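In the two complexes that follow, chain A is the common piece, with chain B as its partner first and chain C second.
Then we have the complex of A and B:
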């Protein structure tokens, strides 16, 4: 029997490559459908029935959102709590909330927020990560931003800051005035609030603990 | 070695992401083992042809 080396045989490598490529193709198709299912947005009914979705419906802006450490999962997770007023209302309908979010999302794209900020892992790290910006302590009732902007709620302070960022110097890297209108600002804040309710498996990591990346200064 | 599965949506990929051991088992199943199998097949074929 002649000595044969399979390792130097072309057919062996061809068959191996075909096998691995074929499996990878199947895997990618599977992954696509698996992801599509997981990132599909929930509905108002889900929120009322306390059904946990990775991406809750737009009416999540009617609720208080907190970020709590889950010992089971080993990172912080968004928790949707009781009703909370958003621009004076906690009865935004699915259509109204959806339209507001849409305006905010389009606004974030037109103003190119990702040029400096990170949204859900995409974008730059020049300016603070906006993925959980709504939950940033600086915007809370005892935070600095409400006092600086002279507003009494988180959403109003955020909207005011977005419209006149140059008036409220916050960081060494100051946000430019992008000419954001009052309505656009409202949409952007809704978009930020909704985004903070998305379960991102703990991204950004150690939110609220890193000084500089998220909480300024 | 095996951590409890804690992802919000149970899925194959969530399971796959839990740690290095699951990844190793997975990659061996889809790459290494088929290559051993193909290797043996090809070797048998080459020996038969020679």
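Then we have the complex of A and C:
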């Protein structure tokens, strides 16, 4: 019988496949444990003690959020600043803010936001990305959206738009009326504000630079 | 009763396979129809506004895509099991029952998507309407149903694999399909933390599409080469093991390319860049594998002095060769060119992704699954050599031309979006619509719609061909 090479031996390749797959899977699981620790949601105490978390706690809605260039990291990062009123209050407790975020996250799924918009860049591309929507110049004090809804704060303008989207068209491609109630709208805005505080490693880059959204201007 | 692949008659497993293929083809049609609705809405935003909005059309488009492919995958396995194991599939009665459960569940889910669409922001909507999470929107009651059906399918595969002859192809499928079913569990919970949500969501989507589904394709390609051109089993299975090593070796950690911007740590930049850069390599290997085995067996045939093609199923083999090209081009090339973080920072979540998605799902999966449908048509009709008909050729030309056209149009749209909305305007609301209103973008969307219509026309030819070619006298019986 002729001597055969290991390279043409199916058993060798079968074992290689098993070892490589096992190794990759173990590495992924190990990295998942590390990542899970880093992406778990922070607490109110973290926010008060200025502990930076990749995903801050729900009470982040009590603070002003900006998106600023970090020279150390070479890209923009969300910065949590001084207290800022959210629907007239800056003392939302951990429970209240958590309940609002829960309602908003649930709403973002039940209203099917992701099948038009992208969130953290994932979803459909029919409507604008919502990752940093809270920081969008259009909703600021002199922004077009705030003017159109006739409201005097960002959160009220957003909530009004969400409840009656087809009343305030911004483009021929309009957002449909999804039956969003006043309470749901409040939750959705809290969800959007919370999402804008997530550290996305600089995505989207130069967010609104031309319109002055970067560096809190 | 075991059966030869050319005579599917008498095998209950093969009969069940044809049921799966039939429902898959129907849902494939639904996918294209709702894709057309969504494409029209890009061009005419008022189309069906507040009746069947883009969000609903798109959800149906992508869910139908997943469902028809899963159905065709289950069908493919039920088709090849008797050939590979030499015995009839065990638990076929339960398999048939689960098929009807699955079909009924899908129909109910589709009707709810169509007529209820959205619910209040509470858990009942998640349980009974949809979960609003791209690709895995199925409501929670259906999630549990899907798990039960998938477990029944995996049980049939495992029991049959253990009792019958255990080929390399069956071994790979046994390992692959249990991973496929298990990963679905990672997408079945709710969390307020969208970063955690997206982290596990990718375990389902990425590890399905870029790991377990690709390995599935490798196994199906191996089966196809053995049955259609008589390729040598040892050679084919050796390629298969190498492909499995490369696909899982690159694909599992390639998940890192989805963890660049969702709130996950920076080390995923390096891991994602490295492993996803390796991801095209197995696709090159699969491409070479198909052409190499074809050339090898044909060359051996030619050496006998007769001018005879080794291919006993021309339309199926055409789709298998298209799979080799399309997988490499759509998943490999179109995937690679926006996979590095330096590029992806600007292209993430734009029409680039859509261009890649269209060509990759088509090239890597649709092609080979359509090929399996032709193999089933050959087998159920007892055809020795199956030839192309006029309709087969129209189907393949129009579908491939249409999908390539859509891909090119969406790539151009992606360029405009990246340059205007992202690089220049920094991804704001106003910047987004500046990009969408550009002339190049608008024209690209017109072309996408036109090419989508071409694809649908090709689908009609495909259905006609699949339904009628079995009885056509051009084939050798």
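Just so it is clear, the second predicted complex is superposed on the first by the 201 of 217 C-alpha atoms of A that agree within 3 Å, B and C clash if a C-alpha of one lies under 4 Å from a C-alpha of the other, contacts with A are read in each partner's own complex, and residues count from 1 in each chain.
Keep this in mind: a residue touches a chain if its C-beta (ideal position, glycine included) is under 8 Å from a C-beta of that chain, and two chains touch if they have at least 3 such contacts.
All values derive from a computational prediction rather than experimental measurement.
When the two structures are aligned on the shared chain, A:108 is found in touch with chain C, with no touch to chain B. Once chain A of one complex is fitted onto chain A of the other, the partner contacts of A:34 extend to both chain B and chain C.
Of the two partner chains placed around the shared chain by superposition, chain B and chain C are both touched by A:199. Shared-chain residue A:52: touches chain B; no touch with chain C.
Contacts of A:137 after superposition on the shared chain: chain C is touched, whereas chain B is not. By the touch criterion defined above, A:72 reaches chain B but does not reach chain C. Contacts of A:121 after superposition on the shared chain: chain C is touched, whereas chain B is not. Of the two partner chains, chain B and chain C are each touched by A:16. Chain A uses residues 16, 20, 27, 31, 34, 38, 54, 199, 201 to touch chain B in one structure and chain C in the other. If you check the complex, the residues on chain C that touch chain A are 38, 41-42, 45-46, 49-50, 53-56, 58-59, 117-123, 125-126, 129-134, 137, 168, 171, 190-199, 201, 234, 237-238, 241-242, 244-245, 248-249, 252-253, 255, 258-269, 271, 345-346, 348-351, 353-354, 417, 422-433, 436-437. Residues 1-2, 4, 6, 9, 11-12, 15-16, 19-20, 23, 27, 30-31, 34, 37-38, 52, 54, 70, 72-74, 77, 199, 201 of chain A are the ones that touch chain B when the two sit in their complex.
Chain A makes touch with chain C in their complex at residues 8, 10, 13-14, 16-17, 20-21, 24-25, 27-28, 31-32, 34-36, 38-41, 54-55, 58, 98, 101-116, 118-129, 131-133, 136-138, 144-145, 166, 170-174, 176-181, 184, 187, 191, 195, 198-211, 213-214. On the chain B side of its complex with chain A, the touching residues are 4, 6-9, 11-13, 30-31, 34-35, 38-39, 41-43, 46-47, 50.
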